[in-house]
Each structure stands twice: as C-alpha cells, then as structure tokens.
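I've put the structures underneath this note.
In the two complexes that follow, chain A is the common piece, with chain B as its partner first and chain C second.
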Partner chain A sequence: MGSALRGFLHAPLLRAVVWAAVGYLLGAGATVGLAGGSFLDDLPVIVGYAVALLAWILGIGGWEAFVVPWFGGPYRLDEGTGRSRYFRFNTDHKVVGIQYLVTALATLLLAGGLAMLMRLELMHPGFQVFGGPEMYNQVVSLHGSLMIFAVAAVGIVGGFGNYVVPIMIGAEDMAFPRLNAVGYWFVPMGVLAFLSGPLLGGWESGWTAYAPLSDTDGTGQVAAVLGILTLGISSVTGGINLLATVHHMRAPGLDWRRLPVFVWSMVVTAVLNVAFVPFVGTAMVLVALDRVAGTNFFTKDGLPLVYQDLFWIFGHPEVYILILPGFGIVLELLPVFARKTLYGYRWIVGGLLAVMLMSMTVWDHHMYTTGISNARLVPFMTTTELISVPTGLVYLAALGTIWGGRIRLTTPMLFALGFLFNFLIGGLTGVFLADVALDFQMQDTFFVVAHFHYTIMGGMVFALMAGIYYWFPKMSGRMYNEALGKVHFWWMFLAYNATFLPMFWAGVLGMNRRVADYLPYLEPVNEWVSVAAFTLGASFLLPAVHLVYVWARGPEAAMNPWASRTLEWTIPSPPPKENFREAPAIVDFYDYDGAEDVELPLPPRPLPMPGVPVPGGD
Partner chain B sequence: MSLSGEAVAAGPGHASHGHAHLTQSPEEKAKSYRTGVWLFMFSETMFFVAMIKVRFDLAGTARPAGLDQTFALVATAVLLLSAFTNWLALHRAKERPGEPWLWPVALTWVLGLAFGVLLVREWTALPVGAGDRYGSVFLGSLAFDLLHLAIGLVVFVSILVRGVRRRLDPLGSSLGLAGLYWYFVVLMWLVMYSVLYLV
Partner chain C sequence: MGPRSLRAVLAAALWVVFTALAEVGVEALIAHFPVVASSQGELIDETFALLLRLTAPVFAFVVTVLVVSVLGAAQARREAASGPARYPRDNRYFSWTWFVVSLALNVYFVFGPGVTDVEAIVLGHDRPASGDLVVEAQAHQWGWDFAYPELGITSKTLVLPAGREIHFVVTSKDVIHSFWVPAFRVKMDAIPGRENHLTVTTTRVISTNDDMTARVQCAELCGLGHPNMRAGLEVLPPDQFQAWVEKTKSEETTTSGGR
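Up next is the complex of A and B:
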C-alpha cells in the first residue's frame, strides 16, 4: 500500500485539489466582489464551484490531455504506472473502470451508513438521533441523491461498462480514451458537491429536488443541483463514448447480432443517458436560475408541475438506466453457470430495445396524485402496465436459460439468482403502483420505498455484486474465497429481504416516507425493519474486508475460472494494456450445449487430462 | 481455445473494418469522432427540446407586446451570415486545398461573437423582466444559447491557433467537426428564434 499512498500524494491529484481550491476562492471571491453578499450565498457558490470544477479537471490532467494539444502544443500526458495510475488522469479503459467501480462502492458504503442513521431514527416513535424533522429530511435527501446519481447510475455503467465492454467486443480501448478518463474525474467532484450540502445547511427536497421546495430551500440545495449537473456530464460523455465504441470498435466478424447481451444492455442504457440526462440538466439549470436570476419557472407565477414533468421525463428512463445493466450482467452470467445456451437471445435484445423505447412514455405515473388532468391518468397507466410485457420477456428468457440447466451455485450465480428473486418482487409491486386507484392510496408510503429498493437495491446492487465476484479474477488476477463469498450472499440476501419485505406491510399500514416520526401503532414493524437493516448494513463489511484482502494477497486465479466463452476470458488476468495481441476469434458466446461438465470455479492451471478441456488455455 | 470451437467466418461487417488489426487508422478515428459529435449534438438537442416544452407549458404561445422584431431579425441575419462563412471555410479546406480558409473561420468567430453581444442586448431591451413567464423562458433560452455559442467560439479559437501554427491534423477533421458543430449552434438558434418570436 506504500506505493498507493505515494501515488495518492503524487503531483496530479494534489495539483487538482490546489487548483480547485484556488479556483473556488477566485470564482466565489470575484462574485462577492461584483455582486456583494457572502461567500456562502447561492451565486458565489455556483460560480465558485463552476470555476473549481474546471480547475479540477485541468489540474488532474485535462491541461496536458486537452488544452495544450488543442492549441497545437505537444501531447505529453504522464499516465503513471502501477497503482499510481488509479490516482491519475489515465486513458486505459480498465483503469477508468476500476476508478468508477471503487468510487461507486465507497459511496455506497457512505450512503448506506446514512441509511443506518435513518433506521436508527425510525426505530421508535419520537426523535432519537436527529434534532428534528428537517435534519431527518436532509439525511434522506443526501442518502437518495448519492445512491441514485453516484452509485446506481455509475456503478455498473461506469465500472463494468468501461472495464468489460471494450474487451467483450474485441477492442483495444474505448473510442475516445481521453473523454473516458475525463468523464471519470467529474464523479469525485459530483460526490463532493453532494457532501458539501450539509456544510451549506443541507437540503430537504430529496433526490428528486422537487420544486418549489428546491427553489426556496437553503443554499444546501445548490450543492445538490451542482452535484446532479456534474454527474450528468459524466453520464452523457460516458454514453456517447460507449455508443461510438460499440459502433466503431467491434472486432472483425463481430456484428450486432452476435454482441454479448451485456453489451446490448449497455448500448440501451447509453441511449437513455444521452437522450434523457439533458432533461434533468435543464430542470437543474432552471432551478438555479429561479434561485439566482429572479426567474419564476417553478415559484410564484411559475408552474411547479413543469419541474416534475422535466424531472420524470428523465427520471423514469433513469430507472431503466439503473436496472437494465443489472439485467445485462445477470443474463451474461446465467448461461455460464447453468452451462446452457442463452434462451431467446433475439427476444432479449428485442425486449431491451422495447423497454428503452417505452421507458419514454411512462413518466406521469410518478405524478398521479399531483393534480394532473384526468385525461393523462389512464394513458399513462396503460403504458406503464404495458412496459411490464417486454420486461417480462427478458425475465422469462432468464428463467428459460436456467430451466433444466446444470446449475453451478457459485457466488456470482447466487447473486444473479438473488437478483431474479428480488426483481420479481420489485417488478410485480410496480404493477400495483402503476394502477391509478391503488397509487392514490400507496403514494408516498413505505410501499413505494420497498418497491423501488427491491428494483434498485435488490436488483441493481445484487447484479453489481454478481459482476464484482464474476469479474474479480479477471480484474485482479486473483481468486476470492468461495466460502466467504457465499456467506456474504446469504447474509445479504436474508437480511435484505428481512429489511424490505416488511416495508410493504408498513406502507399498507400507513407509514409515510420522508417523515421522521410516526404514530405508535407502527412501532413493531419499524423496530423489526431497523434491526434487520443494521444486519444488512453489517453484511457489507465482510466483502469490503474480504475483497480488499484477496486483491492484495489472494491466490492466483485461472485465466478462465468460469469456463466462460466471452472474449474477456480469452486474455490474461489482469489483461495487458492493449487487451488483445491480435484480432480475437469470434464464436457463438452462449453455445454451452457441447461443453464439458466441469465444476466451477476451475482451479488455476489445471492439469490437462484426457477428455477434459482446459478452458481458455492454448 | 478448446472451448471456443470454430471461429465464425467474417460477416459483412468485416469489409468495413478493412483489416484485422485492432488499432484504428486515422480515417477510422475521424469517423469515430464524427459519430461522437453527432451523438453530442443529439444530446444537446434534448436540452432545447426541454426548453421548448417549458416555453409552451409556461407561456403558451403568448408573446409580450413591444418585442423588438426587427432587432431580432438583424441578430439572426448576423448568425446566418456566420453559417455562410463557416460553409466557405469548410468548402475551401475540403475542396480547394490551395485557397486560404483561415480568414473565413476568423470571420465566423467574429460574427458569432457579434451575435452573442446582440443577444445580450436583446435581453436588456426586453419589455418584460425575468419574473414574467415569457421573461423566464427568454432568459433560460438565452442561457442555453450563449453556452452553446461559447463552446463553438472556444473551439474555433483552438482551430485558429492551430491553423496559424500549422498544426492542424492532416485530415482536417477537427475543422470539419468544429464547422459541423457551428451549423448546429445556428440551427438551434433558428429553432429558438421561431419559438420565441414567431409562434
């Protein structure tokens, strides 16, 4: 770890921090000088942050990577070696992928800790840990914003989208490696922007930053606006990069009809990011204008519902931005561990594309109770219930894949099956909420909280864990401990369901979300949920310690421990910078019908035996 | 590779890649960059789609009395002229290698800057303030337009500096992409002009 520490302290990151700090002082100072007021008013914070963000990007390496060559200077970017690469502007997609992944996981632990505080508060009626309802709302807002924008939207997309997709399509890197590198470095600033919220007084409008509260709330709200904008930039550049990569960088012979299904899920996600993040961007800019430029988009003379429209036109596709990559990972894993051909490849791709298109047509189901016209209710109820048809197709294809398979219950497979179990509950309860009459009853209760946690946490986070265990040997060259992995799964799976299943019940009983206190009759279910939540929170500590340890000290992994057929398993672990020495041979990635019956994971360097092939060997 | 079976014969996609080596040729890189800029423009278009939605949701088709139509038309004409000089630069760089293309780029830059100044003057002369619904929409649209204008102007500065230093890429793709983006800036203003002044 000594070299990691040296890497951390090495010039680029330190320079970026110094430049950002100076940039903030200059920007905010100039604004105060010109417009008056204090350093912590809205406008100085916005201008100071904008300058700081630019200075941060230039300081970390944007100066050498973009500015100097753009003006005809030489391209001299020191990308570092060894561990120091991870603390630098580095254009290797594998480094960028791990940067995203580690940042998202660290943020997951942090925002999960906030959830623990929330459960501590909700354990009993009255006030436990927070001074009052405002502080509870601020913690809820910070938890939600971090989880959605900095964990769920970037964990799989930024992590595995960057690490795995180029290798899966037989490319040496992304189409725009510098854009990729710079896209990552927006993320830590976005997280810092959210975290600076409490220092500025916090914000209470939740991850949705609903106007008019977001127009009138304290300066902490500005931090959320800036955080969302910053992470949005990263999502859009990442989406553009991924689409250009898959379109232009596929290896010879790999046409769209053969693409691995995870790559398809990332393509669909990228389209949604590129098309719909601008809507939340617009909403955030208009909130900022309302706050500092005297406009009335959403307050006074304006219309708060226009904010909700903009937000959910983004927000519902965003839900699929979070879950479709999860489906991609799970569908990628199921054939490997069921030792069986992927069932209905074309139906899956068609289903993903249909979900992508239909996700643009359902946003009003978040707004049934806001007083929108009755004429909008039934059409949106219909589209919302219809979207479960292509989602169901994808789901049934997953079941068809494991049906009659020779299932290997390794840790990644357990998490993939856990995903299927949890997502079924999350998806089916969504059909209930899509119903207007029922939603009038359930809106803003813990039924909704349980529903979206079942899709995002039970779905996306379980898929993320499946992906981490599955690709861990590829990324690190080392093998984790199966027993500890399985303990992690069962601990997390049981604690997860013990936490969130009773939340449906609490919601039906009338437990409101975003309220710090409740009537005493709700105490038993809340006590149970809190205790289960603490158990769930503790389950994350095991993999945190386990995976960090085996990354450094674990036993060597086989090149292809899962006897998998996709391209990332045909190259060494960890892969060399250029990934492939020559154009890879393109095969049917899911054809396991003739595959040998092997126990997984394969040990490193198995002895060649008659009749038992050495997967991935030469 | 005993598990991988037979390699599939290269399909029609193979020919377009040209060769089996994985590193992109300069021509292929230029194509990727073009795709990237198109995707960027698509994404940016969605900002304007959102803004147009806000305009009609908030203010319907109403326009305040006393809007200076002539002035807006002049500003629009200036920007259209910059689209012409932009075309001239692209045309010369591509079709007539001998002729100078730097001064049309410089002219585009100046006209773009002039348009930005006119747009800000337009805002200060508006008969309604920011608190008005139409005023809010106008200011929001102005913010997005000026941002895109600024991006275009910065890119042109880089093209000009590199052109003077004779360090532009041999394929001229940077100039091509900058010019493409400038057309987009012009087009988006024409749309916003129609939405703000003509409906």
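Up next is the complex of A and C:
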C-alpha cells in the first residue's frame, strides 16, 4: 500500500467512517444471525448503531485519547493544525465551539429547507408535494426533531458555551478538554441517526414521539430514539463540563457576583441539561423496550400517559435550555451597544435562578387536555403563570439598560432588539396557553405552533444570530460587512413576523397542527403564511454566503471592535491556543459610565459593587 | 424640564398612544372570533378577550421603551458629551414596581379567570350530572364513533340537541387522539385504556354544512389519517333532535331485524 493511501486511511474522519460502517454491519449482522429477521428490523438497527457509535468515537480519536492511555500506552493524539483541526478529535475549546456552531448552522439550513417543503404542501388544501400524509408527517417529525435536539439545544450551548465561556472567565480551556472533544463527536452521529429515519421508513410521531403511536410506528422511530439518546449524551457531558469549568477555572478575583450574565445563563442551562436530559433518555429506552422486547410500558394496555409525564418532565426544562442562553447573549450585548451600565445585575441572576428552579415545576401544562386530575390543573397553571415573573426580570434588565442609552444599531444589536420584540410575543402568548380553559381550545392548534416558533425561532435563533455577528470578529479575526448584516436583519425580522404572526390566527380559526391537509376555508391564511415563509427561508441564504466569504476574505478585525469590556475582547482575534498570555485583569464588565461612544481600549477601573473586594486586593 | 424627564414624559405619552392602538387592534380581533356554540366556549372567549386586553398595555410598554430608547440615542449621546455620565445600576422604585405589578397580574390571571374557568368547565364534570345527555365518543385510527347509551343509538355524525348539557365520554381503541370541536372551544384527548370526560352545553343550532368550525376534528397526531380524521356535527333544535333519534332508532331496528 502506498504511503499516501495509508496516510489517507489514517485520517481520523475517514477512519471513523470506516470503523462505524464496519461496526454497523458487524452489530446488525450478528443480531440478524442470532435472532433472525431482517437488517431493517428494530433490534438489528439498534445493536448495529450502538456498535457503530462506539466505533465512530474510537475511530475519530477516542482510541488514542482514552483507550491507549488507559492501558498504559503513550498519549499520542494528533490534534491537527489549521483547518484540519475542525475535522479531528481536538481538545481546544475554541475548535470544539466552532465544530458545534457550524454543525448546528448546517442543520438549521437543512431543517429549514424541510420547513419550506412543508409550507409548500400547506399552501393549498389537498396533497401537492408529498402525495399524501405519510411523507409529510415524517418531514414534520424530522424538521422538529432536528431543530430542537440538534439546532436549538446545541447552537448556543455547544457553540458559544464552549468558545466564549472559558475566555470570559479567564480560563485557558474547559475543565475536561477530552470530554469536551468527545462530546462534540456525538452530534454528527445524532444528526445522522435522525436523517436515517426516512431510509428506515420514517417516523411520524413528531419530535414528542408520543406513545403508543411511537410504539407502533415504523422502524424509523428507532432512528429518532437513537438520535435523541446520542445528542443527549453530548448535552449531559457538556453540562457537566461547563459546571466544572465555571466552578473551578475562574480567574483569580472573578467571583460569582461578577460573573458575566452570559456565563450565568450557561450555568443554569447546564444544571437543567444534567438534571433533566436523563428523563427523556429513560422515556426513549422504555419506548425502545416496548418495541423490541414486547414490554408494555406505554402500549395501549400499559400507561401511555406516563410517557407524557416523563417526556415533559424533561421537555419543559428543555425549552428553557433553549432560551436561557439566548437571554444571556442578549443581556451581554445590550450594555455594549447601548454604551450603558447593565441594569439590575442581581435581578437578572435572581431571575435566571428562579426560572431554572420553577422550570422544573410546570411540565403538566402540556397535558391539560389529557384528562389529568383536577388536583394537577390549578397547581400547574399557577406555576406556569408565575414563571413569567422571573422571566419578566430579563425584560426589566433589558429595558433598564437600553433606556437613555447611546444605542449603536449594529447588526448584533439589531438582532438583540429583534429578540426582545419577538420573544415578547412568544412570552405573552405563553400566558394565554398557561390558562387551562384557553388551552382547551388552543392545544394542538397553530396557535401553539406560532407560540413556540416565536420563542425558539424568534427568540433563540435571533439570539444565535446576534451572537454570531457579535463574536464573528473574535472567532475569525475578520470583520463582516455591516450593510449586508443589516439587510439580513431587516429581511429576516420582517419575513419572520409576516410568517408567524398570522399563524396565531390560523389556530384561532380552527387549524389543528401536524396535518398535511386542511379544510378549504383555511386556505387564505395558509397561502399568505407560505409565501412569507419562502421569503423567510430565502433570508438565510444571504448570511450563509456573506459570512463564509468574509471568514476567508474579510478585512482584518480589531481586537475589540465593539469597545466591550468582557475578557474575550482583551485578547487577540482569533485568540491564541492558551487564550491569555498573562493573568487577565478583572474589571466590572458592565461599567460604561463616562465611556466614550467608541473608545479603544477601555481603561480598567475599580469595581463599584459594594462589598466586593477590588481585584488584586484579595 | 431636563432632557431626562422630557424623555419620560414622551414615553408616557407614546405608551398611551401605543396602548390605544393595540387595544383597537385587539377589539378588531375579538370582533372576528369565529362563531361560538357552547356556553363553555363563551367563557373561554371571554377569557381570551380579557387576556388580550390586559396584555396589550404590557406589549405596548415594552415596544415604547424600545422605540424611545432607539430614537433617543442621539440625544443621549449629546447628554453624555456634556459631562461624564453616571448610569444607575438599579432603580429601586422602577424594579420593585415592575416586580410587584408582574406578580399581581399573574396572580390575577390564575385566581381570576384561570380558577373560575376551571371551576365552571372541569370541576365536577368527571361524571354525568342528572339531566345530561351522555354521548360516548370513541376514536380509532381513523374515525369517530358516537354512541348514545341512554337512547340506544349510534351515529357516525355527532348529532346534538341545542340548549342541553352534553356529557362526552371520550375513549380510544388504539393510539391517542383528541376530540375537538372548534366551535365549542374545548377538546379532550382520547387515550387508550382511559375514559375521559368533557361537558359541553350547546347554545345554538349549527351544522358543519354551514360553518366548518362546527366539526369534530382529531387534534392529536395519530398517524396517517390524522389530518382528515373528522366527523360532521349537527346541533338541532330539541324537537328535530327528538325526530332524528326516533328515525335512527327505527332504522337501527330494521337493519338489525333484517339480519
């Protein structure tokens, strides 16, 4: 064998693919050999996938990073250089952050493309695109599952959580770099698992996979189960890592009372991830057992409602997992671009912690119409309505910060303000859905669809965009084009609202969700929504081209183009591997008193917070 | 008047304007609510309207602050240029007012319309009251069967008398479905192995043929046939309902007698 070929075969990504493929065939083949049946049955798929996942992780670098050293061998992991780092097992948190971010964005485009197909189908009553309900149901399920588990739960948490948090706290990396590196590599496999669903006949139970439908669905359901479990592993390891990092790796002088709000938001998110992802894992394992072992946990003679409780005990904290990081980004950006001190730091931290705790107590608001006992209705309605109080504190802080500020309407700021507008609608309509009686009408209609897109897409995705433009110069060392950024914002913001605002009304008119077909009287509103949705979909193409281009060719960015005070702006763009060459000086990150509109660099100044020792003094 | 208090006065005025506009929009929406055909639905529409009216000022407030802050940025820059700015880290009065008002609003939402509606719509309706017309709504993949145990008849269309309290017993033969009549504004899931209960008081004569929101629609994803898992609904004047019952009874006896 030529050495070039050998070198190629040793490239970790290729090795991982080969090992995974072989692993799959071995696992599935052995199962078919022992238990009979076909390669496309549930059990061979599960066993094959489990072996493949292990082989994939070992192939990409887990072998050198874990197995060899465990058995006393030398630690010889080639992490690559330059671009090749991104295709390898790499322990640099900045590489891992970009791996997560790019994967989430690519998945966003893909799942967004699926949404375009769905809107094409829904533009008119009858079946136009998919020729029937089967394919449509699968596409809705795929769109929702990818968006929730591989975009919303991964984009900010995996992307900026990894890239920015260690720098913001003055650390040189995460607490467990190898765990971090391996955590990422579960994500592509999780996405692939979901994508293999259609090849296995698809699943049509939606992202919520309610049993007993998910017990009796086609083999594609197994793909969803495996995808959720795989991405769940990444969420839990990431959460543990983040908590350890923030707890142990803060620079001297940076105590919890001075932590940037984005870091706080990541901490509460990590707690929710670690505590609640296992619930959905349990639910998925039990569904799989129902399917392959004939157990009857959730079948029609089992306890179908218990599935819903398990799912939503996870599912409600999950929606805060999606949005809390968005709050963090927005609150981080507002003082920078309003040139004004962050308002109500303590209210924010208190609010985030209260949301974290209360999010554990509201899950049955997804089950008002299941016939749960009266003893559950009013308590869960109470907690659900009340969670808007701590959530509202985010708005208190946001409004207090921008009020009278010297606002600079840069692209990231526009997205942050757009977030405030969109999430306001998402949050206020949540108050409606929290009401038991009103939910008797709205549950499972397009009112709900509009509501959750306002929180996830109008909220989380807008915050993600704000973060991308904000940290782009730091990550790439290059500056994007401000005019193109603004066009992106206005296009997306207007098209977004034009698409999703009328969806509320479709729900009021009696349009139920997860349907490929509907009654003709609902056609006008759907036609409008579809046309707006295509405009919205097109708005994603502009930043896709723009950002890829400027990442390679854009003008060089200054170290601190926004005149921001947090630590990531005190180091070069892009930052060196070890981040800080000398111990960072901890300042009050949100003090813009008297600061010029744009002033480079900002002088450090002592902390005004009462009772907090001045840095260097302790 | 200094520029800061001027900004506050402007904002207050704008808030009033925005609130007024929002309320006009809200009233227009309320005027276009689809037809409602049950007393439970009337209550739910009232709650919907109430929440719309009460959240409109909140929405207007946030939008006002966004607009005034963005438009006032140039002025704020001039202010800062004339002397080093000192920005408040917290304003006790504003923050506590915000906190107390948002708490009060939400507590009111729960113990005002929230609890009242639960008491009216759900409480005590987990079994038929005397005088209720009992209808068993059974879901299956993919269709509905309605049975009237007291009358000894079954039907594929849901036929009901107007002005009566109807007690639905909702069940499923296979997966989870949901019994929903948009014009009644209520739904109840049909869950295998369970009996769910729902009471609806019909208030008017209505038919699917005249208004599409008067239909039985499955509202919980149940597989392939889900989108079109519907049944017709006829709410008839009591005498016509009685006539329909008699007719159906005689038809059912002839068909079963003919076997």
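Everything below uses one rule, namely that the second predicted complex is superposed on the first by the 587 of 618 C-alpha atoms of A that agree within 3 Å, B and C clash if a C-alpha of one lies under 4 Å from a C-alpha of the other, contacts with A are read in each partner's own complex, and residues count from 1 in each chain.
By definition in this document, a residue touches a chain if its C-beta (ideal position, glycine included) is under 8 Å from a C-beta of that chain, and two chains touch if they have at least 3 such contacts.
Keep in mind that this is a model prediction, so the values were computed, not measured.
**Q** Thinking of the overlay built on chain A, is A:M116 touched by chain B (first), by chain C (second), by both, or by neither?
**A** The answer is neither, since A:M116 touches no partner chain.
**Q** Answer with first, second, both or neither: which of chain B and chain C does A:E204 touch in the superposed model?
**A** A:E204 contacts chain C only, not chain B.
**Q** Could you tell me if A:L213 is touching chain B, chain C, both of them or neither one (first, second, both, neither)?
**A** A:L213: touches chain C, not chain B.
**Q** Between chain B and chain C, whom does A:K300 touch in the aligned arrangement: first, second, both, or neither?
**A** both
**Q** Where does A:V531 make contact in the superposed view: on chain B (first), on chain C (second), on both, or on neither?
**A** Touch partners of A:V531: none, neither chain B nor chain C.
**Q** Could you say whether A:F71 touches chain B, chain C, both of them, or neither, answering first, second, both or neither?
**A** First partner only, chain B.
**Q** Once the two structures are fitted together, what part of chain A is touched by chain B and by chain C alike?
**A** After superposing on chain A, chain A residues 300-303, 594 contact both chain B and chain C.
**Q** Taking the touch rule as given, give the residues of chain C at its contact with chain A in the complex, in rising order.
**A** The contact residues of chain C facing chain A are 4, 7, 29, 33-34, 40-41, 43-44, 47-48, 51, 55, 58-59, 62-63, 65-66, 68-70, 72-73, 76-77, 79-80, 84-91, 94-95, 98-99, 102-103, 106-107, 109-110, 113-115, 117-118, 120-123, 126, 170, 172, 174-176, 178, 180, 182-183, 185-189, 191-194, 196-197, 212-213, 215, 217-228.
**Q** Can you name the residues of chain B that touch chain A in the complex?
**A** The contact residues of chain B facing chain A are 1-14, 17, 19-24, 28, 31-33, 35-36, 39-40, 42-44, 46-47, 49-51, 53-54, 57-58, 129-133, 135-136, 139-140, 143-144, 158, 161-162, 165, 167.
**Q** Mind pulling up the chain A residues that touch chain B in the complex?
**A** 70-72, 170-172, 175-176, 179, 236, 239-241, 243-244, 247-255, 258, 274-279, 281-283, 285-286, 289, 293-297, 300-303, 306, 309-310, 313, 560, 563, 565, 570, 578-580, 582-583, 585-588, 591, 594-595, 613-618
**Q** If we count contacts the way the header does, which residues on chain A are in touch with chain C in the complex?
**A** Within the complex, chain A touches chain C at residues 132-134, 137, 204-206, 210, 212-213, 216-217, 300-305, 338-347, 369-371, 374, 377-378, 381-382, 385-386, 388-389, 392-393, 395-396, 399-400, 402-409, 417, 420-421, 424-425, 428, 431-432, 434-438, 440-441, 443-445, 505, 508-510, 512-519, 521, 592-594, 597, 608.
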